[in-house]
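There are structures below to look over.
After this come two complexes, each holding chain A, first together with chain B and then together with chain C.
Showing the complex of A and B:
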């Protein structure tokens, strides 16, 4: 099947999905799936395209959520300006943190982002005047156009479509980026940084650009999350979410567009399916991550290519 | 300024710092010798504390023998962890190994919650309630024990790495694994010994710190985070860096907690790290690759 057929079919299926069931709980799960897809796609820019492992991504998600929540609480700003500001604030944090930490690479970078993530987590927990500390912020206004104009999105289906729109837009942006000159510069940086630098690519700037884009999109995800759940606590920045996002990208398939979305689906679905098992489900999750890393380093997506025998390079934009 | 209060804060900071040093030394050892970032390191700290608790409770051992049994037990677990999760992946990409260790960390935390129960436990120690006084300074004997044992173990480790045959083999592997293997170093043995040492150190830290605070299965992620912050500060792979970094972090946190704000003590500790990293991104003693 060519892309011209599959992509419209998948889009139609995604649009029709909420009408397959009237169960609002399933609608809730669909919203979570889309939300995690957006976050995993943004983390994928860092892991898959610029080739660094970030353990601080949940912090940017949290920054976006708190920006939206605090703006709504103090200024009644609950609409599109709030989401844009969340993206700008998360992106600014991303710029500063990226500027400091992208100067080193590999495992050291991973640990450095972990350190920055926990700094942000700690500050959120203790700066009670601004964030209300561990209690979190509740009663966040639902999403509106400008806030306070009477238009408010309250149904799960509504959020599903809004976030689906963001996912499709961002996925297309990723695809367009990877077929552009800048995208090829990203890949060159990932594959061989010294060689890329010798060809005149500003490696540090490319990495910083990717990092800032990824963190800004994570901020958008956080803002949408805050408006949808109407409550946000520092837990969104905890190690659990950091690990969850990494699991989605790695198990799905890093460096691809379908991979993180499939990874998010697996995460949400499996977590629900195993709910009855209690604490054991997280043990199963950990085993899944380990097994996937060891036996399927290209993720689920590479399995599909292995079955169909397509001989394409397993990473988007590498061709 | 009140010098007694200041000296008390400094002492508390040094003791806390020594626990950070014990945790960070294992992390930095594994990275320095094998170039592995072990996310599961904190879980061995957690296991050390829990093994001490159960050895005291189920086997009826006194605190010191329970701590020794726990340390040895976790060191043996280190052999298995190496055989299953690290040795088979030695030729894979560094991210694969890092993620595999993250998987092991999640397995141990959640497995621990399943087996030990999520409720906090208290490790009994005869030293926890009796105090040690020097002038006007007051320290519990347990905290004196932490500092003394920590210092002795680090001194012993230093001698081992510098002078023993195995220590020389470890340093050769750290410099160049292929070259070391070619000149007859048994890399497999180096892996095993490094993990035994690192897991044992983490478990010892857990067994020592256990009586000063409640223990619970998720304490490992706290430990690994502190360990990582110390090694970022000191420089990955450097044992002097772990020593200086750990003591600095402990003292800074303690002074910030005493004079500025208890809640922000940790954040202030982190702020110092950012300042250091702006100046030296590879840490105080590190030699990280730079772009």
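Showing the complex of A and C:
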């Protein structure tokens, strides 16, 4: 199996990446790539594994970011406990919203997530006492171990490695999921819900589980983002980020692990390369998404399989 | 054959507004038995089937499986109790390979979850090996062993129908509900199906079969119940039932009677 060689090579390359350049701006882009990879991987659980579309994912990212910011501001928590709490808070929101919304599936569910996402965005904008409104929260403490213990992560390289660790851990968890009973139930639910139910799979519970995991991980991403940038505004929940995450997952390749990571790379790279074009970039991203849906429904990673002619197992890690 | 009752349907009625599709039907399935439910098109067979399988709530009456009342119970709960159904229109996981289709069906009687897969512990390894072996066995049971890695959507129609049966038996049910398994099959495929259904019974699985292909029903069932206009009009051994005047009238003489 070539996977035994390629994965260590990719990991080593990822570890060596920051040393390729001393330019801190490139380091910043690498952090963004990893951050978007984590978020896209989490959204991929919803789009790729349980087969639903969520327009509300950025809201959970924002909930994680605000949880970390507010905990840091009021309780001085800026370490691992803060990140875990951000995951729990985002996951709880995911549970409540998923519990209500997942009774319906397909386009109706997608519209509901759009509604809930907008509600969370609006509340964040107007609940000034808690969130400071459109000004956002600034001077968020940098990441520490437990917070207030003198250890503070300030360099971009440091954040790159921390988030890389999260991406690797979550990618591994997704890989393990696909070779587990739970993962098979996810895929069965996505492919044919009535048949899945006839085999004893509780379709609603599986969708809810996938949704909660995805939102909790988005919360972790949000907390890391808040500590890294030290500023968070309601804009992190805007449609721009929702669209960006969906583009990463679809263009990269939904239902795979490498797809969302490659999608995040393409997004970050194009965003920089086309900076001169200004708002026109969004048109290019829209075209990219449309082209991908029409010509490459399996995303960029399916291109690789098409070229190498490898037989195409539809889900990663099934064999 | 033991005389234990595995499924007991009593007074089952299903009305859609003014139309009563199933009227007070009583039926029992003994453990190890193949029971056929037949009737002309529009007789209410499929409605009857869907009410038992939990896809439709009954208007009145009850369904007891292994002594537990499971009237109107959700399909997935019923499946976990040990009752698996197939669908009249081919129902598969089209984008997955044949073997992955069957792997997914082992869900009911497996235990390790996501956490065990992350830890790659012993229980997970053993169970994954079992899943692979059982899935392959189920595919070989329906002669699809060589097609294990072909996507379900790329299989021929006959192969897809057999894959459905592999999926159903991989769930290891105690009672299997087959909804018109011979639909769209040619006589040769029908014969193959008959022998397959008998072999499933030999594995210790009781079967309730809804069908209107008389040849399949006659070839495989221990007992047959006939439904017409939602009512049970005859029940007994296949040969007795086909000679029952009521059944003859329903199947052959309908036009004559109404003329």
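Going forward, the second predicted complex is superposed on the first by the 314 of 319 C-alpha atoms of A that agree within 3 Å, B and C clash if a C-alpha of one lies under 4 Å from a C-alpha of the other, contacts with A are read in each partner's own complex, and residues count from 1 in each chain.
The criterion applied here is as follows: contacts are C-beta pairs under 8 Å (C-beta built on N, C-alpha and C of every residue); 3 or more make two chains touch, one makes a residue touch a chain.
Just so it is clear, the structure is predicted and the values come from calculations on it, not from any experiment.
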> Is this a clash or a fit when chain B and chain C both end up on chain A?
Replying inline: fit
>> In the overlaid three-chain picture, which partner chain does A:105 touch, first (chain B) or second (chain C), both, or neither?
In response: first
>> After the superposition on A, what does A:13 contact: first (chain B), second (chain C), both or neither?
In response: neither
> Should A:188 be classified as contacting the first partner (chain B), the second (chain C), both, or neither?
Replying inline: second
> Taking the superposition as given, does A:135 touch the first partner, chain B, the second, chain C, both, or neither?
Replying inline: neither
>> For the three-chain arrangement built by superposition, which of chain B and chain C touches the greater number of chain A residues?
In response: B
> With the two structures laid over each other on chain A, which partner does A:203 touch: chain B (first), chain C (second), both, or neither?
Replying inline: both
> Using only C-alpha centres after the superposition, what angle do chain B and chain C make about chain A, to the nearest 10 degrees?
Replying inline: 80
> With the two structures laid over each other on chain A, which partner does A:176 touch: chain B (first), chain C (second), both, or neither?
Replying inline: second
> For the superposed model, what is the least distance in angstrom between any CA atom of chain B and any CA atom of chain C?
Replying inline: 11
> Both chain B and chain C touch chain A; at which residues?
Replying inline: 203
> For chain B, which residues are in contact with chain A within the complex?
Replying inline: 31, 35, 37, 85, 88-89, 92-96, 98-100, 102-107, 109-111, 113-114, 118, 221, 225, 228-229, 231-232, 236, 263-264, 266-267, 270-271, 273-274, 277-278, 281-282, 286, 288-291
> Can you list the residues on chain C that touch chain A in the complex?
Replying inline: 53, 55, 74-76, 79-80, 84-87, 91-97, 100, 103-108, 110-114, 116-118, 120, 124, 127-128, 131, 149, 151, 167, 171
> Along chain A, where are the residues that touch chain C in the complex?
Replying inline: 172-173, 176-177, 179-185, 187-188, 191-192, 194-203, 311, 313-315, 318
> Hey, which residues of chain A end up touching chain B in the complex?
Replying inline: 53, 100-108, 110-112, 114-115, 118-119, 122-123, 126, 128, 193, 203-204, 207, 239, 243, 246, 250, 279-280, 282-283, 285-287, 289-290, 293-294, 297
